[in-house]
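Given below, in the form of structure tokens, are the structures.
Paired with chain B in one complex and with chain C in the other, chain A is shared by the two complexes that follow.
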Partner chain A sequence: MTLELSLNQQPAHARQGSSIGQPLTRRDGFLKVTGAARYAADNHPPGMLYAVLAVSSIARGRVAALDVEAAKAHKGVVEVMTPKNRPALAADPDAKDHPFMFRLDLLQNDQVRYPNQSIAVVIAETLEAATEGAALLSPRYEVMPARVGLDGAESIVPRAVGVGGPAVQHKGDVEAGLKSAKTRIEATYETPAQYHNAMEPHAIVVAWEGDTLSIDTPSQGLAMAQGRIAGLFGIAPENIHIRSPFLGGGFGSKGMISGPQVLGILAARLVGRPVKLVLRREQMYGPVGHRAPTRQTLRMGMDGEGRLTALDHHAKTASSTFDDFFEPAADASHTLYASPAIATSHDAVRLDTGTPLFMRAPGEATGSIALESAIDEAAYACGMDPLEFRLRNYAEVEPMTGKPFSSKALRECYRQAAETFGWASRPIQPRLMRDADGFLTGWGMGTATFPAIMFQAEARAVLRADGSGVMETGAQDMGQGAWTAFAQIAADGLGLDIDQVDFRAGSSDLPNAGIAGGSGHTATAGMAIHNAGAAVIARLADLATGDEGSPLYGAGNEGVLARGGRLYRRDDESRGESYAEILTRAGLTEIEGHGKGAPDPASQEAYAKHAHGAVFAEVKVDPDFGQIRVTRLVGAFAAGRVINPRLVRSQYYGGMIWGVSFALHEEAITDRRSGRIQNANLAEYHVPVNADVPSIEALLVHEDDPHVNALGIKGVGEIGITGTAGAVANAVWHATGVRPRRFPVRIEDLLG
Partner chain B sequence: MTSLPITLTINGHRHQLEVDPRVTLLDLLRERLDLTGTKKGCDRGQCGACTVLVDGKRINSCLALAVSHDGAQVLTIEGVANGEELHPVQAAFIAHDGFQCGFCTPGQIMSTLGLIAEGQAGDDPERIREGLSGNICRCAAYGGIVEAVLEAQQQLVKADRRTAA
Partner chain C sequence: MRDFSYVRANSLDAARQAAALPGAMLLAGGTTLIDLAKCGVAEPETLVDIAHLKGLDRIEVNERGATIGALARMSHVADHADIKSRFPAVSEALWQAASAQIRNMATIGGNLMQRTRCPYFRDPANFPACNKRQPGSGCSAIGGVTRGHAVLGISDACIAMYPGDLAVALVAFDAIVHLGERHIPVDDFFLLPGTTPDREHAIEPGEMITGIEIPGSASARRSTYLKIRDRQSYEFAAASAAVGIEFEPDGRTIRDLRVALGGVATKPWRARAVENALKGKVLEPDTVRAASLLAVEGSVDHGANHYKVELAPRVVARAIRKLGETA
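After this line comes the complex of A and B, so read on.
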């Protein structure tokens, strides 16, 4: 995929040799503001039919009857796919051979194991006919009682939480630490099920050409999606071409290919024509993942100086009855606060729900709101300012492992954010501040943290005889700005101006860029790009330094600099020549280099790697009606090297607003009798709208990290939620004197 | 379903169409006229991604049956720029990073054009926030959107003054 870019968004400012670090506007901006950016559902191959899912209206049981005849009799309906005629698969959709593989509902039988599970697909000439056909199926069910809620089933201890993490961990003796403490707190917090609700519903447009597949679908991990589809259909991955130049948001729900997307492929096979299948909004509350609910209990002990003597964090969560993903909420207590004794543990129930999945800061967000609330309670119990208390318990090494941090500018984050916010004038007692209109005003804070993760990625770089460059990696842009940030890294890696680089991404026929997730995409694919650039420059330097006709002859590879499309002798920059001259004299039209991005095992072993931040929030609460508004947010974040400050700031804003949403808005409500989600739509499942968003500021705190990777990148996509949610909750307490113990905070909790 | 004849003027082009009465204006644009810039986020009027201007007013095109707008003038995101030259609202969205994934952006921009035409919000950020709260941005680029609207309004006022002078 190549973006056709207009000249309209070329940066107006002068660059100083480096593209990295410049606040370029988005290179895909012109396409996005003109409606020309083509998302999956915007495709329409010739002869295409429309597929519409029929989904279960029960949570548990079996489909006893479907009126397939009525659906097929409807004008325009071409076919109805049910378990009876669904084309065969090469692999069992219930098989699972690695932790990133999830069981899929692909009409393998008539069982229903969660609400909104696919039970049939209607394929028709028009969307209207397919939609009406799906309604005409009028399913009848044998219904079994639904298992609902965190007390709805027998509790188990999961074998692993998150991706392979131990469910139970400890260091030191927590009970002894609590016993010896001068002050103790214990508190339980509940967080709800949340749904990603990317604006773009999952969609697939698919055409079979013999045994090869042409697919448009949003994916945060193209190579993984390709591998999964290859396995299910028994075809070679290279025979599957997936295009995903733009995702209309992902937040984790487009990390793995979902059941409905695969049903689109099956539908196309069944009818022998291209098919488009787009989920309806309510159909996204089931088969494409969610954030599981939790109930978390924290116990803390403090000595006479407010130092933690023990920290115990237990989280109960829920997964589906048929697959494993357990929200690693308690693990949030591993990294932030120093304590001689720390214990974290998880248990879970299995419910009649779609399998929960990674949702923006999985575990970190959920755990953070509970931990930061409890820290606030602990500070108050010790009679200390919450910032002073956090500084008193500042972790100089990673508390759980004792490893040094690769870098940690958290003190500076606290300082800058507190100063900008004006924290120093905050009274310790709650319910003392009012604004001019009589609204209760409260100030709260939270610490933000997110691990600096890297996956595996590859890139291919080309230099051409005309002096321009190409950089290829199948990176995924879901809004974080991959089209721009990676082009910046590519430009520096190739020693070219960004206008001279043709950056290609968003397609599975390019080198595997790994996953756009875990806040690790920029670091991982960025390092692959950086290394591919270095490899092709090394080849170019070999050509020049070995060529008697070159002013660089004899300089040796280390003795050469690449900048602005020219190589220079490091010891004498007056001697240099252009890439074009070197390649032309060598008689080459182009040369290429390859690079990989991956975590360095030695530094993984030696260092704890995390981004950090501090968030301060102001809320105002109506003293009579209990309505809560966040009026001000200030965050300061240190996350290593910033590739593009404009885009990074936007990531922080987005994350911080997700934090507000976690504290005050989002909640999926399950009907306890039927097990159905009662608010599976964007009116009743509340996400922030423009009027909910306060004055918001994100400060970028300088941080050099020589250990995370050569570029020094950590990751910024998820950290903003952490810290913010707790800061808002703590501000609500400070305004009202009522400690929020369940989220989102409800008006009735404040009025009681 | 019996199709009904309608005429729509979309982005200045007249279309004579035979339309299934079940077809929404949104699906007509997207699935029959290849005007896919207008997005479907919820199909229920809850998210605003499908906002277009009909006879100058912003509406959720997912809630409008195409046949009920026979004779209407429709403006979609594809009709806002003048070729390569962006409308000030579009340029301001880029300059202020008023979007991330871009999926809600066509709706945000059409809603902004509607808001400005309504003349109710002026340069009051609070009223702009309120006036654009029918358009959800899950990436939460709201701050940039409000800045973009403020700047675009200034640009448009300046342009008006130039025209008047």
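After this line comes the complex of A and C, so read on.
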């Protein structure tokens, strides 16, 4: 089954031959603004029941009693799933086969290890009955004290941070570097726990048909989800069909299938009917990941010219008591600034929270705000302009590894953004600028960076005798524009107009497109698409060049060009013929080709691959009230080839707004006695509202990168947060003279 | 599901009668009530929908003052030309409240009756102790997350902040709440928590807000509402002040001054000490600053909300200064 998406309902855009590089609007935009786009929770198979989670009030202990009878007696309640009757699983949800597999709470016992952990599932004819049934369970607990906060438990050194990275790394002698320095700084910064809060909650609609599973659920990684479910239920992955045409945001929280989603599958198995389970907003604060809090200490030494002699970055973070994900915050210091000695290290506490996970720029965002703040402090300590200081410490090779960069247009980013912003007139001293209304005005900057990562992906391309083409890959659109960008790559790969290509994605029965994460989806699945297109064109060219009846006869594959649905001789473009003619003469209705996208091990070894950017921020602060408003943001980013400038700019805007959010708004506030988050709703968990979003500019700096992949794509999804958060923090300092050391910066921090 | 009845009242009397029955609650714009029902704080057996009642949404403004029907929408009142010119603080308070969507739904009666944002109050499933919800059960907030709690008017039983903006402007200008025939000053309509934090308003079963009346005055005409918060919109006040001023003919000596605070107290907080200290005085920055400190006389904080004690006087001082500048 494929999805009927009718993505071609909007008028074609003017293009000159190539689709790549065109600022097409989102092809799914029409479906979304008319409400026709079908998200997971919009599905309603016949006979479907509603499942609602009962979640724990306490952070730690065990469930001593549940009033299952009361829930079952409630009108409309069909079944209550508890550890006692939960269908058996083929694998232990607490088993961990590899670091990318996370432990799930699937009612395996009566233990509670964090607030909002699932403790039962009520299944009913209506959502209301299931909701009331869950309330009627009135759990009683044996409570143990919650371990809360970065000082809430004994600290450990994790075996690995991020995905398998060493917790401690160094090159050179940091202590000697600090000792020899003319100027030194040391500063500690705290960042809070943050929650992804995608607009669309985690939702699943499941139907079992015998041992096959039909699932609608948002997923950033269809094949991984399929594999995880297959392992838990002991069924073959190909018997699981997951549809995820649209995600209402993921930001990492939908990268791996979460416990509540699997509980939906278990509930459907238990009752033998299709089931829908949708998390309520507050239930998203626990079982679906978050960004862990950090406390980061940076030490830097500089010589008389403002050159770093040592850079030491230590990050303390937190994980759950039962699983391992450690925010690799200190690793942010590996790539940006040249220093003869660099040391990064992590330690952590295990707290009674859900396991923290990947959240948009995991480690990069947290590390960046601390590093960029410290760089600002170092520049000031040396009496230097922060841009000049960054240029003085510009890394010509990757500082930690000594590898050359595959490409790095950061100097150009600094230049363009600084010029557009008007940075040159900035006084070095803080608290010198006031606007006409008396607001303290400050300018700050930060460097943005994010690694250019590739995973593994496959795609299948088809050319049909009617001249049209098909491109299939199970890619995921989280709102970033995958439906559009991939169709553009597909069109060019097939030598067709975009409207002649039927692009299919968002379904697990298509070739594995890898994960929409790590800002690597466009590069990875894009390369699979590109290669699949090349493969099918090569087969078509084989047909034509070997056929005496073709004007291309004898040209050889290399001598053929594909464009506008036709193959041409490279040496004589007047000689060519259409795909349809070639296939028809060969008596074929269609031919297909396959392609893969993957990092090239040789160039991985040889080069450091990163996207870069520079962000400049202006804030205004009321001198009496400490009320901060961001009034201007200018960013310039170099991230390799731009597939669609409109979509890319939107990613930068979104990232930069997130950076503002990081610096000034977002924070999960925990009640230290209970371990519960007290602002688990969108009224009180603050993100910027429209009125907080200033004039934003995102400049696209040209960058050719011959090494990252054949298309030259790096990735743009996460980089915008890095740099921006620090730029805002530094602007706050420049406005007020008060150095933010705790984020988000709030009124009380500046009341003085 | 939890069944409840829904009654659509077609007259004021019918509404009042229906609302007098045990377990009945009035439903106006629903922006507070539906939320509270979802989080388990409000458990109405009957919802008496008054949103369609005729004639209760009128806004009338003349020399003597303004009368505003209980069902007038926040956005309509905020935008009303005569409210803007004669009661700028009222319009500004409404403009800075909630979000555009909520203001379009929400009514003036419902706005006065909105309840505290104390997160413990709003989470009965996880925090059974709350004297406001369940008298005698204790207060979960004390010793917990208190950044948004009150520093004025608190008691041992409850420290919940009154979150609204409009009522702050109303209390500054001696507005009167109409409960049908019975009229009470806004200041008396809102009750201090004391030992009975569950009783927030001087309204009896079977009574309903029919409207409010704001006496016209020179100080109401020269007034402003200043609201300070971390986020530019869609956030309750960290501290706010409704201030109105009337000068003697010399244009410098304060004849009348009205000051009320929001975001810092358990009810809309009239700061008479500030008013009294400045009446008859010439408006000078130092005098204003010193007098504004009286706004938080008697405050008690719980650590995380201490900043409100610092902030509130500054907000008052700024608002007064701003009105002075427009002289």
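Quick notes on this structure:
Methods note: the second predicted complex is superposed on the first by the 739 of 752 C-alpha atoms of A that agree within 3 Å, B and C clash if a C-alpha of one lies under 4 Å from a C-alpha of the other, contacts with A are read in each partner's own complex, and residues count from 1 in each chain.
The rule is simple: a contact is a pair of C-beta atoms (placed from the backbone, for glycine too) under 8 Å apart; a residue touches a chain by one contact, two chains touch by 3 or more.
In this text the structure is predicted, and so the values were computed from the model without any measurement.
Judged by the touch definition given at the top, the superposed model places A:Pro201 against chain B, while chain C stays out of reach. Judged by the touch definition given at the top, the superposed model places A:Asn109 against neither chain B nor chain C.
In the overlay built on the shared chain, the residue A:Ile696 is in contact with chain B alone; chain C does not reach it. When both complexes are overlaid on chain A, the residue A:Arg673 reaches chain C alone and has no touch with chain B. After overlaying the two complexes on the shared chain, residue contacts for A:Pro688 are found with chain B and with chain C alike. Ranking chain B and chain C by residues of chain A touched puts B first. Once chain A of one complex is fitted onto chain A of the other, the partner contacts of A:Ser155 are absent, as it touches neither chain B nor chain C. By the touch criterion defined above, A:Glu128 lies against chain B and chain C together after alignment on the C-alpha atoms of chain A. Residues common to the contacts of chain A with chain B and with chain C across the two structures: 75, 126, 128, 132, 683, 688-692. Within the complex formed with chain A, the residues of chain B that make contact are 1, 20, 22-23, 27, 30-31, 34-44, 46-47, 49, 76-78, 80-81, 84-86, 90-91, 93-95, 97, 99-106, 109, 126, 128-130, 132-146.
Taken together, the chain A residues at the contact with chain C in this complex read 57, 75-76, 115, 126, 128-129, 131-132, 135, 622, 624-629, 664-665, 669-674, 676, 678-679, 683-684, 686, 688-692, 744, 746-748, 751.
Of all residues in chain C, those touching chain A in their complex are 1-2, 40, 99, 117, 119-120, 123, 125-127, 143-145, 147, 228-235, 238, 306-307, 310-311, 314-315, 317-318.
Residues 6-9, 25-26, 28-39, 41-42, 44, 50, 75, 126-128, 132, 197-201, 246-251, 278, 280-281, 478-481, 646-647, 649-651, 653-654, 657-658, 681-683, 687-693, 696 of chain A touch chain B in their complex.
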